[in-house]
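Shared between the two complexes below is subunit A, which pairs with subunit B and subunit C, respectively.
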Partner chain A sequence: MTATLEIPDLGWREGGQGVLRGDLLRLFRKLDTLWLRWADAAGALEIEPPPMLPAHALQRLDYFASFPHLATFACVHDEDAENLAVFGKHPWQADGSGLALGRLAPTTHVLTPAACYHVYLDLVGQDLAAPITVTLGTRCFRREKEFHPLRRQWAFHMREIVCVGTAEEVRAHLASHRTKMLELSERLELGATFEHATDPFFNPGKSARYLMQKIDPTKEELVFGGDLAIGSLNFHRDTMGAAFEIRRGGETAQTGCVAFGMERWLFALVQTHGLPGAIAAVDRELDGGDA
Partner chain B sequence: MNATEIKAAIRTWILDRHPNYDAGKLTDETPLIEERLLTSIQVMDLVLFLEDLTGQAVDVTRLQKGAFSTLEAIRQAFFLGASA
Partner chain C sequence: MTATLEIPDLGWREGGQGVLRGDLLRLFRKLDTLWLRWADAAGALEIEPPPMLPAHALQRLDYFASFPHLATFACVHDEDAENLAVFGKHPWQADGSGLALGRLAPTTHVLTPAACYHVYLDLVGQDLAAPITVTLGTRCFRREKEFHPLRRQWAFHMREIVCVGTAEEVRAHLASHRTKMLELSERLELGATFEHATDPFFNPGKSARYLMQKIDPTKEELVFGGDLAIGSLNFHRDTMGAAFEIRRGGETAQTGCVAFGMERWLFALVQTHGLPGAIAAVDRELDGGDA
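Take a look at the complex of A and B:
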């Protein structure tokens, strides 16, 4: 597959960041409307989280040991006047490669690397009498080695439908969406298939969580064109429940999320149908009221 | 070590970490991960324990799905040569 597909209405900026315009943005919104219908059908509460997560929330997951290479930090300067003045006078590295930051204040926040963490953070310490389903679409940030328009971006949109409950409740949530995703892929002629996957852990040979994903595959990715994961189903068992002290009926809660990489869906759809055809295909989905 | 001794050693290792678990319920086929007898926090320690038992390093990137699913699966994954 080519990674250099000409995408109409897409701007591309240094640092792996896309600009969606016109019809491409329209396609983005239509797709998101489709996911929101799925979320609504699942009885999900919709939330709009802030763009940053407190670092302590990620520390609960040992995130910095697992993914130190992906994190993007919200850094600010120490407010000392001289510190700020020095930076103001010489803000750039001598070779122009980037900013020459002065002394930083302690970094307390991280730009969201995955949407669903916001859900668990909001439930810290709770004991749920019934399962809860939450949906959120948020911009996520992952610093990668290289970037390709729509396929791999530093900043991208992720829509998730998250379930917190018992193992049975979470499994049912994931199973029903697995079927819906496959049927949708078929109707949209994407030819995508589910494959077991592991997350991109740092130093995987020494990561317990990587090892668990290998021996007990709980992550499935919906793969387009043989190499592009456009969606995923993630069963965390009680990892998130334990990390965020969430209980369901007195037991540690189990969690699972259905995730859609929005820009990657745009890529898959435009590659398959062209932009006007992609819009028409998603319009048919919305008109059909399948969700 | 024969297969029975190997499984007994791993069984003891697991029960030591779950003192409240009914030892009589832990059979060769008990699903260890489903039953939360083996968590991601413990799995690396178990790998080190298996390395001690086998005297060989484990390449975790080559482990297959299900390698830690039951006591019997662990024996098959790491001690296939051991007599039954």
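Take a look at the complex of A and C:
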């Protein structure tokens, strides 16, 4: 992993969470403006999704079998007054390790693990007469074994540009963004390269989907510094279309998404240019790049 | 409660969550630009906080005794492989009411219930030589008995402008924004008025803090249509300063915040003007208002 970097304007909180301030926050905004321009150039609709997904939406993907280790659940107490009162009086475990939760209400929602699921959920049951492209930026939550500022956080910002269409339409979407991402990496002097990758399945040796991804790669990651994936291109074929019952011209729709891990871009840019230099580089891009 | 309104460009998901699209999302952005201008005029620093708060930060405020019914907890499984595998194989309760969670890891974090807590947490142990003003916009999570699109959501956007200083400095901050909010409501023809209010304490009759708020009101809400609080002014005196060990010139700091419930402003604006009219009204404000 890339050496630790002192990041100006970054606060770091226990539990793998960052606070962005000042110039680092300005850099974040400028970068997102850049992706929004890319999305606009691709004719994307923009949505602001809610922070949680219904568990049954993730069940359509067998998410809990594939990624049980990553999920963060939105839990609330059963609203029985005595149940709440007991928790209110004694909210801590005796050993101080965490909260002494009482009886929970049914757990129906999961904190968003990947932005694009919101897009498919909005299209359940539809048959599209034309491809659609949607962009959304949202916090994603993934519980990991360890956290590193900007590089691996429990909660991080993901910007995606998602295409739902025929295989050909989706392939064209991914190919055009592959080129744009490489050219951008070059102009920003990041030296990032695309590498085939797999999703972080639980118990991968036993996962048919993992084996499938190994045999027939459908995920490419844009890797900075040899080990930090700052973006990815994901071709889901008809997995999402089948799971969410989305069709395109009568056939099961195919889908693909272009994803940017926003905090990791901040890391890569600041590591490469320092913070003022990173802002200047993205400003140049916004002023005159191909975006 | 105000009559149900057909909101264009709003998606509504089970679990009290909204999806903003198109012109409604544009209106949201314009409104936030307006608050950011107000924050800038008040000399505020801006931060982008993480979505979760450490439970021990809320414990400083006795939050779990006061608001156990509102809290949403960020829960994850104990990472033992067998524990995860069992959940992955049988993720649902037999009655389908929710997920069949296995053994949880210690619960250490809570989804942000109010934006301003992030500000105090960042200042723990500091003695400020001058007042500081901070703005932040973030998703807040409050579990309620029922939800209504834009008006009462499990997750909603709150923009705050927070002042930490002496009593006099905080009072001046709140007073100037009280005037600005009333003038804005008038220009936008919302007809909103300030009313004294209390926080939604659990078991209020037994809460010393609730009784205190009744006797000596320190919370005013800007109320639209007779029953919808779209903003609030909160004077915490030294409650937050004492809880988070923040001083101002050697004395326990006083704090106050100006808060805007973003979705509720969308509701009030669209109810009053329709969506195109609401955008035009906020555009006029951005072009020439006193912001």
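By definition in this document, the second predicted complex is superposed on the first by the 287 of 291 C-alpha atoms of A that agree within 3 Å, B and C clash if a C-alpha of one lies under 4 Å from a C-alpha of the other, contacts with A are read in each partner's own complex, and residues count from 1 in each chain.
In this section, a contact is a pair of C-beta atoms (placed from the backbone, for glycine too) under 8 Å apart; a residue touches a chain by one contact, two chains touch by 3 or more.
Note that the structure is predicted; figures quoted are calculated from it, not measured.
Undergrad: Tell me the contact category for A:28 with respect to subunit B and subunit C: first, second, both or neither.
TA: A:28 contacts subunit C only, not subunit B.
Undergrad: A:248 in the overlay: touching subunit B, subunit C, both, or neither? Say first, second, both or neither.
TA: In the superposition, A:248 contacts neither subunit B nor subunit C.
Undergrad: Which holds for A:154: it touches subunit B only (first), subunit C only (second), both, or neither?
TA: After superposing on A, A:154 lies in contact with subunit C but is clear of subunit B.
Undergrad: Tell me the contact category for A:239 with respect to subunit B and subunit C: first, second, both or neither.
TA: A:239 contacts subunit B only, not subunit C.
Undergrad: Does subunit B (first) or subunit C (second) touch A:18, or do both, or does neither?
TA: After superposition on chain A, A:18 lies in contact with subunit C alone.
Undergrad: If you count the residues of subunit A that each partner touches, which comes out higher, subunit B or subunit C?
TA: C
Undergrad: Which partner chains sit in contact with A:196 here, subunit B, subunit C, both or neither? Use first/second/both/neither.
TA: first
Undergrad: First (subunit B), second (subunit C), both or neither: which does A:208 touch?
TA: First partner only.
Undergrad: Check whether A:97 is in contact with subunit B, with subunit C, with both or with neither, and answer first, second, both or neither.
TA: In the superposition, A:97 contacts subunit C only.
Undergrad: Residues of subunit A that sit at the subunit B interface in one complex and at the subunit C interface in the other, please.
TA: Common interface on subunit A, subunit B vs subunit C: nothing in common.
Undergrad: Which residues, counting only subunit C, touch subunit A once they are in their complex?
TA: 11, 13-15, 17-22, 25, 28, 45-52, 54-55, 59, 64-66, 68-69, 71-77, 79, 81, 84-85, 87-89, 91-93, 97-99, 101, 104-109, 111, 118, 121-122, 139, 141, 143, 145, 153-155, 202-203
Undergrad: Could you please specify the touching residues of subunit B with respect to subunit A in the complex?
TA: Where subunit B meets subunit A, its residues are 33, 36, 40-41, 43-44, 47, 59-61, 63-69.
Undergrad: Applying the document's contact rule, which stretches of subunit A touch subunit B when the two form their complex?
TA: 196, 204-206, 208-212, 214-217, 237-239
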